[in-house]
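Take a look at these structures.
You will see two complexes here that share subunit A, one where it goes with subunit B and one where it goes with subunit C.
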Partner chain A sequence: MNAIEVRQLTRAFAKKGGGQISAVDAVSLDVAQGTVCGLLGPDGAGKSTLLKLLVGHLRPTSGSATVLGQSVAHLDSALWSRLGYVSQQHYLPAWMTAAECLRYARAFRPQWDEGKVRRLVERLELPLDVRIRNLTHGHYVRLQIVLALAHNPELILLDEPTSGLDPGGRHELLAMLIEEMAPDSGRTVVFSSHLVEDIERMADSVAIMDAGRVVTSGLLDTVKGSRSRVEFSSPIPEADLSALPGLISFKRATTVNVAVTSEPDHALQYLRSHGAADASVVSASLEQVFFDYVNRRQE
Partner chain B sequence: MIRAIISKEWHQHRSRYLFYWIAVHAPMLILCLVIAFSTGARTPFADLSDALTMKYLPLSLIETLLVTTIFLLLTAYLAVATFGPEVDDRSLFFFYEQPVSRKLYLSTKLAYGACHVVLANSSAILLMPVAVYMMMLISGKVTSAGSAAAFGLVMAAAGRAAIWCTLISLAGFSLSALLSALVPRWWLAAICAIVLMLVLIPNVAEYVNYLPDIAGDSMSIGMNVSTNNTQWITISRPVTNAELAAFAPWRVGPLFSLILLSAACAASTAFLYSRKQL
Partner chain C sequence: MDVKVDTSDGTPIYLQIVDQIKRSVAVGRLKPEDPLPSVRQLALDLTINPNTVARAYLELEHDGVIYKRQGQGTYVSAHAVDASRRERNRIVGALFDKAIVEAVNFGMSASEIDELYRGLMRRYKLEKP
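Coming up: the complex of A and B.
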């Protein structure tokens, strides 16, 4: 069963000079219940817009999506008791203290876990008596995370939670999130980031977004396996290379040539038959796959 | 849930609401202070007696004029300040992220603000004659037995005027709240709301006119405030019972229009704010 189902979802904004630009362009995506899905993409890829559409903070231009069985076009406010959301934007009420903010949110959620809140506040060293406007970015994010986790929601949407954090803070936050999202919790998590390392550490499945579109999605290993790097040092004429089976991109480095292909076995065979006896398949990292998808569009 | 929203509203806007309450009660407070500390200010009461209660006591109804003119501008500002800043700093979306319907949240906000407007204005209008009457009684020149009827008439007029004025204020409040949903920056919306009130006050005054028709030359009120002056306020003659009874009469059309306008603006405000996007 899917916690999130997105079908041809589009959100267009008016451009300054006239016309429209699609921040999310005909996106289709399924997120299975109880999994951690990483939304990976460069800045401006449409990850935040997609998450805002899923929580009802934006209305779609076209297409449809359901979150925990509810259509985002008619989102019931009661859904927020099953949902936790960490936004990249700062919009917690600046005039409240962190404690007041938590108290306010608690008033609406009978399932609020005060013990968990105390534990998280202590672990994240969150200052409760400081006004939100005076919180550092790190503390602000931590408060958002406490708010998102306090009521043990079924679905958590995290929009670049580690963005802007120092390496120590990022590491600690990710470790905490991984603990909270233990596989046996049955919780579904959608985690957006432009940091491949974060996605690789947390996600079971990944959707790579670029220019408002989901360019590929699936289980982490499947996505990684969709691209293979074939490395060889022997010089091969350009004309022969263009016929390499499944060729996606080719880069000539000083000592080694790298061909990215979707058919590694055939490519290997082909290269060897064309004189590249040292050709070998190297499994691609998610980062390489990500850059391949993103760079291909830019080219 | 509603209690949490109200408590949050109070914490968020308490200084604004406190200022509003003090401002609308300021005429009464100033009057009490001036009379308490300045002998010159007490001069108009020099000829005070049971028979002349009706000469001075109706002056306390001046508060109704203030509520529907100067303080209406303050009401407009209050309405915009209740809603606008939450959109400007986007904190509205944090409140939308609670499992309570957007419409309920917005209705509670509107109702809470409207309650302050209604209570502050009606209390200012009703307390003014009470305060003035108390001062008259304390002076010893007026007896409760001899002036009770006049006080009753003035209070009845103040009661009717309180309904008129609170409905006018409510319409101003909800109209300004609606404006705050339409104008992008809250400070800009506040300026627009105040300008709108300035335009509406003279133009709508004819329609919602609740003042009695008193021939201009039959009564005059003069004011000359100075320390050397012996009489700060001069009134040519007392208000007649008939004139007081004609003050703020029940006129279904304008009263109903004000209720309708308030309800329509409040509903539109809630609708527009509930459609806001991040």
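Coming up: the complex of A and C.
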């Protein structure tokens, strides 16, 4: 069962000086219930806009999306109480103290779990008597996380949750997410990040976004397996390279040539039969796969 | 339990866990009936998705290395050593395989490969000269 189904979802904004730009451009994506989906992409790729569309903070220009079986075009409060959302924007009322904010939010959440909130506040060492405008970035993020988890939501969406946190805070946040993901909870998590390592550690599936589009998506291991690096040091003629099976990109470094390919076995055979006896396959990390997808457009 | 994950490695994380636990059994660091950490605990220790740990445990259970006791947790199975030995032969065999392919690519003959192998065995004192 899918917790999220996105079909051809587009959100356009008016551009300065006329015309339109699609921050999210014909995106289709499924997220299975009980899994963690990582949205990976450079700044401005459309990750935040996609998350805002999924929680109903923005209306789609075209296309459709369902969240926990309901269309995002008609999000009601019953559905809202099954979601937890951590935004990158500072939307909490600046004049309230953290304690006042928690009391205020509680009124809107029938499933509010006060015991859990107390445990989280203590664990995160959240200062309750400080006004929101005076919270540090780290404490502001922590307060948002308590608000997002307080009602034990079925679906948790987090926009760059680890951004700007120190290593300890980042580790703690990931640990909290792991605890929310109890195997029998069926809880689904979607989080965006520009940190490849967070995605690699936490995600079952990944969607790589660039310029509003999902350039590739699928199970993390499948996406990683879609690209392999073949390394060899023997010089081989350019003409032979262009016929390399599955060739995606090629770089000549001082001592080693690196070809990125989608067909490592055939490429290896080909290189060896064309005079590169030392050719070998190096499996690509997610970071290499990511740069391969994103840099190719920019070159 | 001594398991580490390397996210810069292209190998899927669940396979890194499977390989390391099999290795621990093969070298005797983990013995039959030793308990394994819970899925949740290992996920927290390694800061990784619990689904990934669950997948690694499923794979290890399937291979006969570990077993679940109803409601009590996960333990190293009595046949783990056999299973890990098969695994050891597979891993070392794959390395030999690579070496032989390279040797053939360099145009070495069977007797040259054999000679090289024996020389190395003597160097590591695994075979009497």
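As a convention for this text, the second predicted complex is superposed on the first by the 298 of 299 C-alpha atoms of A that agree within 3 Å, B and C clash if a C-alpha of one lies under 4 Å from a C-alpha of the other, contacts with A are read in each partner's own complex, and residues count from 1 in each chain.
Rule of thumb we're sticking to: contacts are C-beta pairs under 8 Å (C-beta built on N, C-alpha and C of every residue); 3 or more make two chains touch, one makes a residue touch a chain.
Remember, it's a predicted structure, so these values are computed and weren't measured experimentally.
Aligning the two structures on subunit A places subunit B and subunit C next to each other without any clash. In the superposed model, A:Y104 lies in contact with subunit B only, and not with subunit C. Touch criterion met: A:A78 reaches subunit B, while subunit C stays clear of it. Residue contacts after overlaying the shared chain place A:A94 against subunit B, while subunit C stays out of touching range. When both complexes are overlaid on chain A, the residue A:L58 reaches subunit B alone and has no touch with subunit C. Contacts of A:D113 after superposition on the shared chain: neither subunit B nor subunit C is touched. In the superposition on chain A, contact of A:D240 is made with neither subunit B nor subunit C. The superposition of the two structures on chain A yields an angle of 150 degrees at the Cα centre of subunit A, opening toward subunit B and subunit C, reported in steps of 10.
Applying the stated contact rule after C-alpha superposition, one finds that A:E179 touches subunit C and leaves subunit B untouched. When the two complexes are overlaid on their common chain A, residue A:M202 makes contact with subunit C while staying clear of subunit B.
Distance between subunit B and subunit C in the overlay is 27 Å (nearest C-alpha pair, rounded to whole angstrom).
In the superposition on chain A, no residue of subunit A contacts both subunit B and subunit C.
Remark: subunit A residues 34-36, 171, 174-175, 178-179, 181-183, 196-197, 200-204, 220-221, 224, 272, 277, 282-288 touch subunit C in the complex. Subunit B makes touch with subunit A in their complex at residues 1, 3-4, 8, 11-12, 86, 89-102, 277-278.
Those residues of subunit C lying in contact with subunit A across their complex are 5, 7-14, 39-40, 43-44, 46-52, 54, 102, 105-106. Interface residues of subunit A, counted against subunit B in their complex, comprise 52, 55, 57-59, 77-81, 85, 87, 89-96, 100-101, 104-105, 107-109.
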